[in-house]
Each structure stands twice: as structure tokens, then as C-alpha cells.
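Next come the structures, one after another.
The two complexes that follow have chain A in common; it is paired with chain B in the first and with chain C in the second.
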Partner chain A sequence: MPSLISPSERDYILKGIECNIRADGRQRPDYREVILETGVISQTSGSARVRLAGGTDVLVSVKADIGPVLVDPETGEGADKGQIICNVECAPSASQQFEGRGADELNNELTQMMTRFLSHNTTTLSTPSSTTPSSTGAPNNNGAGGINLSKLCIIPGEQCWILYVDALVLDYGGNLVDAVFMGTRAAIFDTRIPKTEVQDLGDGNFDFEVLDDAEDTEVVEGREDMPICITLNKIGARHIVDASPLEELCTEAKLVVAVNRSGELCGLQKGQDGGIEPSLLLEMIQFGKTLGQTLIKQLDAKIKAEAEADTIKRQNGQPVVKLGFFAQ
Partner chain B sequence: MNVSFHSPAPRTAISGSKAHRQSKQHGLEDMELDGDHEDGANGSGVKASTLHVVTPGEVITNDTAFMRGHGTYIENEKVVSSVAGVVDRVNKLISVRPLHTRYTGEIGDVVVGRITEVAQKRWKVDVSARQDAILMLSSINLPGGVQRRKQESDELQMRSFFMEGDLVVAEVQAFFGDGAYSLHTRSLKYGKLRNGTFISVPPALVQRCKSHFHSLACGVDVILGLNGYIWVSAHVPQNLDEIDTELVYSNKNKEDITPRDRESIARVGNCIRALADEFIFINDTIISFAYEASLQYKLKDMNKKEIMHAIATEATTAVDNMKG
Partner chain C sequence: MSHNQIGLRIDGRRPAELRKITSTTCVLSQADGSAYLEHGNTKVLAAVYGPREARHRALVLHDRAILNVELNVAPFSSGERRRRSKNDKRLLEMASFVKQTFEPVVIATLYPRSQIDIYLQVIQHDGGTLQACINATTLALIDAGIAMTDYVCACTAGWVEREAAIDLNYIEESSDTSEVTIAMLPKSSKITLAQMESRLHVDKLEEVFRLAGEGCKQMYEVMDKTIRDRAEDLARKMTV
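Showing the complex of A and B:
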């Protein structure tokens, strides 16, 4: 991750974007190739590794764990809900800047962004102004995050599933946010939560048992409605997606648009100190929405294809071999 | 928009000549680093013709008869690797060739670097070496080519020559006591870089050769820094007598970079990336061949893995054919 750029490079990139030829030959709305693999870590409930051709490398894991429900002391909400706890960490090996405490700020920003976008309806971090609740979808307890938290509850008021979503940034080559969210979606799709059996002991006491059977698992409900993020970088009067590290250094203003599969806006965050004109802002949001929808469609197709290939292998008794870190 | 998802795939080596590929296979035939090597028994150690890959902290051998070479250290009488790489043995000397190295320079090397710091009478320059190189105020040319000692007034306007972030091409002039490189730009060939784009490849892929400044037939100039930093730019006439010496420190790009030029630059840049991705030595010949091979593809498709592989393959074959 270079932190410096020369004035002439900046000028070259700016003018290149103006005439729609970026330094690596892409056009403004072009993504780099995405390399994706799910189920790379066997100890987790679900995992995925996403790489962008230019170097960004993100490993996301989801671990389902049982814990007490979190009840808001004021409103009393949350007694019948599970939780999603997000954490994003940039490894110091990804970039020199991340060494020591260098990544703290970025870690915080990404963690909070993910928490807000995924578990928006948990009471603590709700910022109604930045999100529009999903209008379709049957019960609206899913919120903008998509995932049905009520389904994660085991015994209301007592125990629930907590999904720990951990993203580790292994290498930095620009466009971190999009990669992290693509990885998260893939990891959540890969997640299997064991089924539980609740027994009524009478007197309002309940007990439950986690079924040990590897076949008897559930998927995360509402995973299809999870948003992904599109980062739009405003450079000059134009905006680009999937910026390289040098392009990110030229970015005046950055807009992260969280979109779900129906093209609904699930979150918005602006970064960096430059301004965006209102007309351009609307254009960028609209662009992010359409692009996000296409991206989700293709991402889902890829995840589905991989899951199906794995199932077929399992049925035929073949070992499911993941290349993991032994591939380029 | 244009996005595609792929599964990871194992690397496929480029078939054909290994001449310009980094695959030194020597010294591996008789590798037997097991403890009982003296009596020649077949231990559980490394078998012939397999690469012995080690990670930092991995014990290579616990036989005290071996000597430690580069990339290793001795701990509790065991030879331990200090880098991730491939074990190399010459008689009793064990060394590890690292997979990824920083640049180790020699005097006279042409390097491309980025100014990181402006200090007392000097600039610090990132040249992808173990420490920043140093460019002394006394080792640059003054604008206009005036020959005189640098004064305090020059010291005060150092940022008007080179600022943090600027890219420079320079030559390694000497070493400092602590191993840092001292650079100089006292030639009109050297100095600030403009009109183009920056690419970084592993330093081992750029080899020392006669010239590191190339003008390709497609109207693109390439500077191959020996430190793996490469500058690809629009062609500017390189007649040393005609260079406006007043403008050597200007930050302005030339006005007439056409979209065609930009496309060629991006194409050459992508060719270099494709070659580096396959660990092929980078020089002007192979870049030209890769450029020709790339012409059959659309520019924006050149980021695709299989196309990059195809371009690299075609370029290596073309070089092999040329050599006979």
C-alpha cells in the first residue's frame, strides 16, 4: 500500500479516468477478476477467501456459538434475537502501514461498517437516517442487514446463536470494502448451524440440546437478503469502481453503497474529505445499486456452483479438496 | 460493467525453454540433509530432485557438520531457516534461497525510486531495498545545468526539485557504511519521471543489461529499474541536446498524450504484469513480443488470468524461436 503519489502520476490517472482508460486498461465501471473459494477453514461454521487480481486478499470466517441473548435495558428489545458480531482485522503482512497500531483506525472503520450493515436492527448502532428498511420481504424483523436474527434465537430471553464474523485482510491491493463484503456473503452462504432441540421442563424452564449430526444443520435464514458493498471513488468529475491502491490515493471522495439483491439501498457511507455534488451523489447511488445487483447475481451463481460441486463430490464419496493457500 | 468470478487454480508452468525462467535446479540432485548422511543411509530426509521448501524457523538439519550460509542461523546446534525459500546445498554449506527478496544493489545500477522524505541536504528514496536509499543534494543537477556548489538557498528549496511522492530514476553511486545506497541523478538521462504509470515487479526479474531505457516500437518508453520498479510512459524524444534543462524538475505532464498513447501504455503495463506473474525475466525484447501477442486481445480483457497466461506463453515461445 503506497502512501505517496507524485503530482504527475496523479495527473496521469485523473486524465486517464477522464477519457475512460485507466492505468491498467480497465474502463471506469470495470472490476478486476475475483477469485473466490468457500469452505477453506474446516474449524469454522463457514468460511471464504476472496482475492482481487491486483492483490487484495481477504479471509472471512463465520463461527456459530451459543451465548446469552442481549437485551436492551431500556426498550427490552432483543430478548428473542440472536446476534452477529463482526470484526475486521488488517494483518500487518498486508501492508507496511498496518504495522503496529497503524491499522487500528481502518480496522475500526471496517468493523463498524460491517456491524451496521449486517446487524442493523440490533438497537445499539441503528442510524435510521443512513438506511432505508427493506420494503419487500415478509416480516420486517430482518432489517437492512437481511439476516433473520429471530431465527438465531434458541430460548427467548436466555440463549441464542451468536454468529462471529471475522474478516482478516491478508494482502492489500485496493478496494478492501467490496472484497470484505463479498467474502462475508460467501462465508455466510457456506455457514451451517447445527439444529437444536428445545425441551420444556415446566415452570417456565427450558433446556436444549445441540444435535451432533453433521447432516442435521440449518443455513442462515435471510442470507439471500444480505447486502454487499460497492465502493465508488470520485476522481475528478468522474467515479470509478474497484480502485487500485494508486487510484485510491487520487480519490477525492469515496462512497460505499450497500445494496441487496433486489437493488435496495441498505446503507451508505462517505469517506475521505472531498465533497460530492448532490446530482453526482444521486447518480453514484443509482449506479451503485444497479452494479451491486449484477454483482450479487454473479457472486451468488458462483457460490451456488461451488456448493453444488461440493455436494456432488460428497454424494459420490469423493473427498472435497480445497486448494486454500496452495493456489494462485 | 465487467466482473467475473473464478475458483483458485494451481499454477500451470509455461512449457518450453527454461532459459529465461527462474528455475535454477542445480545442487538438488544429491540433497540428503538427514542426520545420517555420512554413512549414506537412506533417511527420512529430502529425496533427490525434490525441492526442499522451508519456512522461517524451520529446522533444516540438526547435524553439526553443516555450515550455515545465507538465509539460515544456528540455534541449539541446529541449522534453522530465517527466510521462506528453497534449501540450497554446496558440500557442507547450507543456504536458503528466499522466494521473495528485496533489492540488493551494485554500483552503477539504474534504479527507479520514490522520494519518501526530505531531510538535511538529502532525500530518502524508497528503492524496495532493505533500507531507503539516499540522494544527496550534491548529487543532483541544478535546473538549467548550472555548475556550482550547492548553497543554503538550494537547501531551502529542495522541495522544488523533489517532493515526497515524486518518482525518480537514478543511478547507484556508492554505498554508505550502514549498507544504504547513495544515488545520483547527475545526467540528463536521470531525474524526475512524468507522463506515465508505475509498475512494481519482483526485483529478481529485472536483469542487468546494457541499457535500462527503452523506446518500444509502439511509441512507449520503458525504464526498467533494477530494483523491480518499472516506469512506462509516453514517448518523449530522447535527444540529450534538446532537453530543456529548465524543465527537468517540472511536475507537468506533456499535453498531447492521446487516448491511443494511453492505451499503448496500459497495454505495455499489462504485458509486464503478465510476464511478472509467470516469473519471466523482463527485458525490452520480451516486452515487445508480449505486446505483439497482446494485440489480438481487447485491452480490458488483458486483466484476465488466462489471457495473461496466453500472452506470456506466446512471448516466451517467440523469444525461443528468435534464439533458434
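Showing the complex of A and C:
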């Protein structure tokens, strides 16, 4: 159904957006309700499930594995950093268009976007208020995704933690990018990495041991600075957020704005084949930035509330049961 | 692998006991029918689209619907992260098993020149993936309103430590034992799929098959209850 739209339907949506009324009763800047649950998959270091009321359902898992460091042959960088490897997959169950190889292009686009926004390393010139300035004044070791990659390194030049972030889109109800990034942020928040003990064997040789204590684990440092994305769809002369599938079909131009909690712009991507006037572009970016910061606050509050509820349950001896698909 | 003196298996179950099974239907918004099924820690999501216009004109049959099954396994489904390509032979084989199981059951002659798509997503894998897929597909097909002659209930069985046991988990499966997957139509007790891995002594075959059949009947009770509860729920919502 979602790949076709009649001219009357398109007109209806267009005119409605002009009047600030969308098909489901929302206004242009309104987001649908977000249902978030962390720790839904066992055998992972962290996981989360995000559902947008209206159908979009994304499952994100983070697995921390130990592997060799990846050294960039040109710059020689990376010997003292961990890695984040992202992968997004749209299940054929999500929509008719995703069967067989239909989802390949979308998978690749989302994967590349995630990789770019999360693990691309930069040397920032600004002094971000959220990170502590390094004592030696060396360039910021955080990737654009805010996660401290050097903390993930175990033995410099040899072994490091590799975070495999796998996102699975189970149901399509529009606005996949935002849901995937929200889920990733929640999953990284939920991730716990075992502690490692490095022993110096002398002669420049090191050995390490992974401490197998389920209670004594580390969180991913820099996770608060992870960005989320806001997708703005330009329809007619206006723009909306959180588009439904039909609204996405009417979109002329799409702008994905990645913003972190300090309001810094972590990434930008324009899609579809329409054009955006420069003034409107700046307005959209500003709008996305403000909305993004608000959304991050709400998400963090949700994650915190869930963690607190879980702790109370554990203290009372009640089993912590994740609802997953059984949540209505 | 230890086996308790009182005859309990590695996870505390009796030989003829199924794992905790929870299921629910109508979980996806886009699919015509969907179901989510858990066999203990094995979690499978099934989505059914159809009957709809066939994608590949060359495969269209003039008098019946064609069945298309696709099986995907998530990279985080097993303990070790592993990405499987879409053309993984094992997955294709399992998908064709599911197709073969449902072809005689779905009344395809009611939907000529059309296609019924079944998409399976394995979210977590702890043994008994094929049986979970078949059971989830049955629920999803019923949820989609596609006519079938009967439920299809599947159950695995094997020879674990000197006696027959059903619904093997991952540890039992990976041990040096054979595993039989049976898919049965509960009303007529007819078998639409029988698949076995590894070796099994022919003397033990009857016992294993019999136990699997009983396991299927137990599955039927659970699945029927889910469907009936859902139907009652819908009926109640409609009368308000």
C-alpha cells in the first residue's frame, strides 16, 4: 500500500499541512508518542526497542566483542581507539517494499548514515561543555558520536573493544531514521562492558583478562553526548517532523539533522529530489536542533525512569519482565 | 551434560515437557497478519502479506495462490554475533521446509493468480527455530484470515541421555544427539513435515516420533487458546 498515493490524497495532505492540521490530527511540529524499553534481548551487552505510535518498530542491540585495533594506513590513527561498527537491516515483515532485495538500498543508506554520525572521528576545535578537556591539550578523542573511543581500547596497538550496533526494523510506520537513532542511543545507554585487567609482562608485552563479574561492569563513556536525529520533511512550503508513510510519499525534500544534548550539530543530510531555499534550510536546522534537544531530555527521562523502576523491582525481589511484543 | 537422577533435563524440565510458550497475534501495523511466538528463549516474529497480486508474473498459477517464504535471522540472535547473508543455504532450506509444510494446508485454490508472502524473523535463537517458525506462521496465517484446513503444530524431539525428550534447547541440540522436527495437523494427526538431523537408531525412532506427536498436540492447545482469546477480545471490542 504505501508505495502509491492518489493525487486527491496528496492534495488533502498538502492543504492540511498548510493549515497546520495533519491527517492524524497532529500539528506540524508534533511528534508521535514514543514507547521505549531497554534490555529486551538477552545475550547482548545492551539493547533497546523503540516504538512510534503508528507503527514504526525498531530493535537495536549492542554487542561488545574484543578484536584487533584498526589502524588507518594513511594517518596512522586508531591504534589507541576502540571501534563502533553499525549495521541497519529492514526486515521484510516491515513493509511490502522490503521483500527480497528491496530493502538493500535503504539498509545501506541507514547504515552509512549511522556510521558517519556515530563513529566518524573528528578533532574538534570547540570546547564542548559536556566533555572534560584533556589535561595535555591533545585533540578531542571523542568521535562525532560523542562516545569516547580511546576508553574502549584495551591494549594500545593490539586489542580493543568493538561495539557492534545492530538495528533491526521490524515494522514501518514512517520516520525510520529517528527511531533507529533513538533506539541506538537507548541501547548504548543500556550497554555494560566488562572490566578488563591489563598485566604488563615486560618487554613491551601485555596480557589482559576480562573480569567476568556481571555486577561490576562499565558504562560506555560519552554516551550522554550521543546524538539523535530529527527528520524534517518539506511538503509544499512548510516542513513537518515525524512523517507517516503517506506524508513521506508527499515529501519533496527531506532533511536529517543530528543533534546532541548540548545543541551541537553532529550531522546533516538532505535527501529526495526537491530543493530547499537557503533561508528555509537554516530555519529547518534551527528547528530541528531545538526539537532534538527537547527530545533527548524526554528520552533520557524515560530511560532513567525505567532503570529506577527496575531497581525497585529487584530490591523487592520481584522479577523484572520486559514486555517486548506483549506491551499494548 | 548432566542428567539428574530424578529424570530432569539440563534446564529442569521433564522429558515430555515443553518450554514456556507465549504468543500473541496482530503485532505489526503493515502486515495483513502477524504473530510473535516464544518457545522459552527462542523468539520468532512472523508476518503474512496476502493474498495479493503476484510479483513475478512468470510464477503465477491460474487456479491457485503461490506461497513465498523468507526467513531472516538477526545478527544478535545467538550468543555470538554473526551476520548471515540472505542467500545463506541453511536459511533457504528452512524457508523451503516451511513452504512445503504449508502448501498442502493453505486452501490456495480460493485465491487464484495471487501470492501469499510469509516473512519470518528470528529475533533470538535457543534451539527449535524451525518449530517456532512453523508455529508462528500458523498463527500469522490465521490472523491474516487465510483459509487453512487445520492448524499446523510443530515440535522437535530427540534422544537426550538415554530417553526421548521434546522441545530441545540450544545446548541439547548442539550435543551429540539427533533431532527430529515434526509438523502435524492436530485434527487428523497427519504429518506435513518430518525432518531429522544426525543419526538415530531405528528402534528408538517410534518412541521419538510418538513423543513429538504428543508435543504437537500440546502446542495445539496453546496456540488455539491464543487465537480464541484474541477472537473474544476482538468480538468484545466490536460490540462496545
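The criterion applied here is as follows: the second predicted complex is superposed on the first by the 307 of 328 C-alpha atoms of A that agree within 3 Å, B and C clash if a C-alpha of one lies under 4 Å from a C-alpha of the other, contacts with A are read in each partner's own complex, and residues count from 1 in each chain.
In this section, a contact is a pair of C-beta atoms (placed from the backbone, for glycine too) under 8 Å apart; a residue touches a chain by one contact, two chains touch by 3 or more.
It should be emphasised that the depicted structure is a prediction, and the values quoted were computed from it without experimental measurement.
Engineer: For the three-chain model obtained by superposing on chain A, do chain B and chain C clash or fit?
Structural biologist: Superposition result for chain B and chain C: clash.
Engineer: A:316 in the overlay: touching chain B, chain C, both, or neither? Say first, second, both or neither.
Structural biologist: neither
Engineer: In the three-chain superposition, say which chain, chain B or chain C, touches more residues of chain A.
Structural biologist: Tallying touched residues of chain A, the top partner is B.
Engineer: Which of the two partners, first being chain B and second being chain C, lies in contact with A:37: first, second, both, or neither?
Structural biologist: Only chain B; A:37 stays clear of chain C.
Engineer: Kindly classify A:63 by the partners it touches after superposition: chain B alone (first), chain C alone (second), both, or neither?
Structural biologist: Only chain C is touched by A:63; chain B is not.
Engineer: Between chain B (first) and chain C (second), which does A:279 come into contact with in this model arrangement: first, second, both, or neither?
Structural biologist: Neither chain B nor chain C is touched by A:279.
Engineer: Let me test your reading of the model: by the given contact rule, A:55 touches which partner, first (chain B), second (chain C), both or neither?
Structural biologist: The answer is second: A:55 touches chain C but not chain B.
Engineer: A:246 in the overlay: touching chain B, chain C, both, or neither? Say first, second, both or neither.
Structural biologist: first
Engineer: On the A-aligned overlay, A:23 touches which partner chain: chain B = first, chain C = second, or both, or neither?
Structural biologist: A:23 sits against chain B, while chain C stays out of touch.
Engineer: Chain C: which of 6-14, 132-140, 168-176 or 204-212 bumps into chain B?
Structural biologist: For chain C, the listed stretch overlapping chain B after superposition is 132-140.
Engineer: Do any residues of chain A touch both chain B and chain C, and if so, which are they?
Structural biologist: On chain A, the residues that contact chain B in one structure and chain C in the other are 2, 326.
Engineer: Per the contact definition, I'd like the list of chain A residues that touch chain C in the complex.
Structural biologist: Touching chain C: residues 1-2, 41-44, 47, 54-55, 57, 59, 61, 63, 65, 87, 89, 91-96, 99-101, 164, 166, 168, 170-173, 324-326 of chain A.
Engineer: Can you list the chain A residues touching chain B in their complex?
Structural biologist: Of all residues in chain A, those touching chain B are 2, 4-9, 11-13, 15-16, 19, 21-27, 29-37, 49, 51, 53, 241, 246, 291, 294-295, 298-299, 301-302, 306, 323, 326-328.
Engineer: For a test of understanding, state which residues of chain C touch chain A in their complex under the given definition.
Structural biologist: It comes out as residues 22, 24, 27-31, 34, 36, 41, 43, 45-47, 49, 52, 55, 68, 70, 72, 74-76, 78-79, 81, 83, 86, 117, 119-121, 123-124.
Engineer: Mind listing the chain B positions that touch chain A in their complex?
Structural biologist: Those in contact with chain A are residues 1-11, 114-116, 163-167, 192-198, 251-253, 257, 259, 262-263, 265-267, 269-270, 273, 299-300, 302-305.
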